[in-house]
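Structures for review follow.
Paired with subunit B in one complex and with subunit C in the other, subunit A is shared by the two complexes that follow.
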Partner chain A sequence: MGKGFCVLFKKDCRMLVSGKFFLMAVGFLALYTVYVNLGYIRFMQMPPYNVYLYDPAGTQTEKSSLVQVVPSMEAMDAALFSDANGVGLDASAGDVRVVLYKGAEHVDCHRADYALSLLRPFTGSAPEIIGTNTPEQKARKEITCELLFFELAAVGFLGIAAVLFKEKGMGVICVHAILPLRKELFLLSKLAVFLLSDLAFAVPLTLLNVGVTDGAAILPAVLLQTTILSLIMALVGLLCALLLKDFRQFTLVYLMIAIFAATPVFLSANTSIKFDWIGYHPFYHVYMGLKNAYFGTDISPAYYAGAVGIIVLLFLMVRLAFQREIGKEG
Partner chain B sequence: MIEVKNLTFSYGKDKQALHGLDFTVEDGEIFGFLGPNGSGKSTTQKILTGILRGHGGKVSLFGQDISAAHGQELFQKIGVLFEFPYLYANLSAVDNLNYFASFYPREQRRNVGELLDALEFKPDFLKKPVSSYSKGMRQRVSMARALVSNPRLLFLDEPTSGLDPSGAVLFRTIIEQERKKGTTVFVTTHNMVDADLLCDRVAFISNGNLVALDTPKRLKEKNSNHRVVIDYLYQGQRETKTIEAPELEAGIPFAHDEIISIHSKEPTLEDMFIQYTGRGLS
Partner chain C sequence: MKGLKYQLKSVLRDKFCLMTFLLPILVAVALNFMGSIDLSSLGELHFSILENDLPPQTITWLERYGPVTAYGTQEELAAAIKEPSTNVIGVKADGDSLKTAVSGDELDIFRQAAATLPALYEQRKNAEQAEVQVLERPDILGNFQGIFISAVLIVAMFMGCTFNAMNIISEKEDGVAFINEILPMTPSQYIFQKVVVGFLFGSLSSLVTACICFRLSWQNFGLLLALIVLSSFVAALIGLFIGKLSEGLMIGVVYIKIVMLVFIAVPIVCALIGMSGLLTVICNIVPSQPAFDGIMALSTGNIKAAVKDIGILAVHGIAWFVLYVLWHKRHATQ
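Our next item is the complex of A and B:
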């Protein structure tokens, strides 16, 4: 049994190498790392809006260095025209007047308050800081978590389905039906290859983007959640590939999963939007499991029990679909 | 080697594919299983190769009921050539064969190079990916895959499909050689020439029923009208006459100058099939 598994494992690795899957994974890792370190983190450290001040009499003496002084109202109009999210402050008539292009009302209020706050030094009491993460650490963990979830849910899911569709197309599945090996091994070897590939991806992604010290501390928890998500997505991918006729049908299902399954999860987990029903969405719990792992938050044992149950159930469904597929061919 | 008693199979409530087949295949026999598309021959082969479960009746392979047989032990003893050459397109012939062979015990495996050589596989293509092969070359690699485990029972589905005439002759020779080694061969085919030249016995299946089973020769003899066709020259004219075969016992019963040819008017296997089933093979 062990030998058969090794042979299948080696063959699946070769399939992925010839399909440039590992090369793609390395490419994605490099792309994500460049995006996080050279793009996202810098972007998060930038002020939310540019503030332009027209103050010919020089009345605003305590303004922040973030405020950009313009020489005339025409210059301010020009600045706002090219930067529609910017906020203008006109202090030419004594009182400060806010000038901006209209957007959503609550956002406009925030823009105006922020711009006005830059004209005076901070005088309020310092808020109590909860948690130990600096804003940069928080941003790094959030974005790394999102990228890992995307990689596992989308790229890994597509990858395993692509491999199985390829084997279906070549007809070799039915050859395995008459080989002296336990048929489950055919599925288990694929799961193992993709799981190891996902784990190998999660390690550098976390260390390079969260930081070596912080990343190493959370790595065991992240790898545990990666294992859960990787197995679930690989099994869903296998099931779809076995039940659907071709890759075109699969792409439609994938789009539906992306739109109806992933979008509400991201919205609920990362924004103030809350859906009443999101607690019933299985992906929400898996995503939150990963996010909790990045932030070192405890995860309920019920979640693990549910995850194991879903993985076992999915495996049984995949095995049944595989038996049907074997019977169909040849 | 194979014993099938009252074999039934249904794909659904109203889709009965097999209606109680009975036949046996002896050790070292080449047995032909002939039938048109949808007649139930693929279903029968899938049941015999252990791919399809849930049949009715009794199927024994190597003296053991297939339902109770341990899958891996059974699969170790059989080789299957599918109708289409199912191979990994991104791997070479050698890599494909080494991969499939590695599931069998080392002492059972045949040498991949020798096997491909016997099948007259072009050496230039040994290391090239299967995607660059012609259909005939893929069929050769598939045959090698079926033989690489040195099976005691060989299932061949349309073995000469996609081969040129010399390839077909080569395949028939290889199958004969396998039989001489003691391998039992179960051939499913549309090809009457293959069935006639290769098979010790043939079975005709139609709509899930076995309608005839005998040696090709006896099947033809049983249905022969015992007539012969004689081509001859008489007074400078070429003429043809059909007479009853027993009439020949007393010599040629008509005037002639020269006999050109004498042919028995024996039916072909295809004629027999149409007679038994009312349908053509393709």
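Our next item is the complex of A and C:
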């Protein structure tokens, strides 16, 4: 049995190498690393609102250093036009008048009061910091988690289907029906190849983008979640590849999953936009598992139990579909 | 003409092509009519407090700035503040004043808001007396939604690329490519047929998407049409390249994925960071950049910039066409 598994494992590896699968993974790793380190970190910044003050008589003597003084009303209009989030303060007529471009109602209210507060000396105390991450660490962890999820879903799902369709086309499944090997080995070797390649992808992605020290600390938890996600996606990919007629039909399913399944999950998990129904979305829980691993949050045992249950169920379904396929081909 | 009829027939039978055609339209409809995604709430402040900690009037005051959620225990409050997907500010009573807590990983704007909240609370009487003049925003579309819609439109425009690539690859796989070589058809006829198929569907898809997303004047619509036609043409040509270069369906899908990623990422990153100088010139090498820039310019009513982008796209069209003809000739002689 062990020997048979080794032979199948080697054959699957060779197929992935000839399909330029590993080359593609390395290419995407490089692309993502460049994107995170040179692009994402830079534009994920949001400085406080700029406050512009027009005060020809110099009445505002206690103003904060964050206030930018403009020489004329025209200069203030121009500044606000190019920076629509900024707030203008006009002190030319004695009482201070606030000028701002319309945005969301609550935000406008805060912008106006914030700008006025900068004209008085600062009296408050600094906010208490209760978390452990800096904004950069958070941004790095968040984007790495998103990219890993996207890539695992894409690579596991698309890759396994591509390999299986190729084998289907070559008649390998037919040959398997008469080989003196256990039928599960065919499926297990595929799962093992994809699991190992996903794990090998997750390690450098995490270390290069989260940072070596931070990354090493969370790596065991991340790898555990990667294993769960990789197995689920590979099994779903296998199931689709066995049930669907050709690769073309499969890409349709893939496109649907990528757009309609992943987008609401990303929105709900990463922003303050929360959908009421997101709890019923199976991808949401898997994604949150991965995200919690990156942020070191505890994960409930119920999630693990559910994940194991789903993996076993999927495996049984795949085995059934595989046996049906063998019956059809034989 | 007969050849073109066959090309159209083969595309219409292909579910993948039809799906890629319908996808941007579906997303545009979803964006336009569902409206469930309220992006303005992204910049909003969210507060969390302990139950029975703050007086009701303070809670009412906080609600002017954003939603307030009350938690029963200190642990729940801390967990809500630490939650990485939100920028929640914790607020507690501190005698007559307020005390704030943040997780420390928020963007500067939220940390600054937390730092100044106690001062705002102390000066709340003064702030209520101040006169506030609210101006209408100069652009038609909200910042984020504009980028979103333009990105959908870019995807629609570059559908022609997917059409042609998939069309040629499936011809290769079915062996039609070999038959084409012995058919009495000149290379120019072949290029014409292929480009027209991708071009027609790409233009149609983006036109429908544009009609759903934008309400433009006739003059601006003419400019948008020029942008759509030119970028669909360039996309159709790029599709020919991908189709010719990829050996199988799998590699074709990978190429399309990469091209699509570059086409969408470059203009969005440029729009978010705000490129200038030499970098803009380099970005314009990617044909989706002038297309995206043109749509954004049209949505803000900047006709001059839109015309400039149409010019850049026209140059792209000529360059890609010449490149393809040269490459095709070299390939044929080999």
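Assume the second predicted complex is superposed on the first by the 248 of 330 C-alpha atoms of A that agree within 3 Å, B and C clash if a C-alpha of one lies under 4 Å from a C-alpha of the other, contacts with A are read in each partner's own complex, and residues count from 1 in each chain.
Heads up, the rule we're going with is that a contact is a pair of C-beta atoms (placed from the backbone, for glycine too) under 8 Å apart; a residue touches a chain by one contact, two chains touch by 3 or more.
Values in this document were obtained by computation on a predicted structure and should not be read as measured data.
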What is the contact status of A:117 with respect to subunit B (first) and subunit C (second): first, second, both, or neither?
second
Does the superposition put A:18 against subunit B (first), subunit C (second), both, or neither?
first
Contact-wise, after the overlay, does A:327 reach subunit B, subunit C, both or neither (first, second, both, neither)?
first
Does the superposition put A:7 against subunit B (first), subunit C (second), both, or neither?
first
Which partner does A:174 contact after superposing on A: first (subunit B), second (subunit C), both, neither?
first
Touch test for A:269: subunit B only (first), subunit C only (second), both, or neither?
second
Between subunit B (first) and subunit C (second), which does A:47 come into contact with in this model arrangement: first, second, both, or neither?
second
Who does A:128 touch here: subunit B (first), subunit C (second), both, or neither?
second
In the superposition, subunit B vs subunit C on subunit A residues touched
C
What part of subunit A is shared between its subunit B contacts and its subunit C contacts?
none
Within the complex, subunit C is touched by subunit A residues 19-20, 24, 31, 35, 39, 42-49, 80-81, 84, 95-104, 106-110, 112-114, 116-118, 120, 122-135, 137-138, 141-142, 158, 162, 166, 247-249, 251-252, 255, 259, 267, 269-273, 275, 291, 295
Touching subunit A in the complex: which residues of subunit B?
42, 45-46, 49-53, 71-73, 75-76, 78, 80, 82-84, 86-91, 99-100, 102-104, 145, 157
Touch list for subunit C against partner subunit A, complex:
14-16, 19-20, 23, 27, 36-46, 64-66, 78, 81-82, 84-87, 89-90, 97, 99-120, 122-124, 126-127, 130-139, 170, 249-251, 253-254, 261, 265, 269, 272-273
So in the complex, which bits of subunit A are touching subunit B?
3-4, 7, 11, 14-15, 18, 170-172, 174-175, 177-182, 326-327, 330
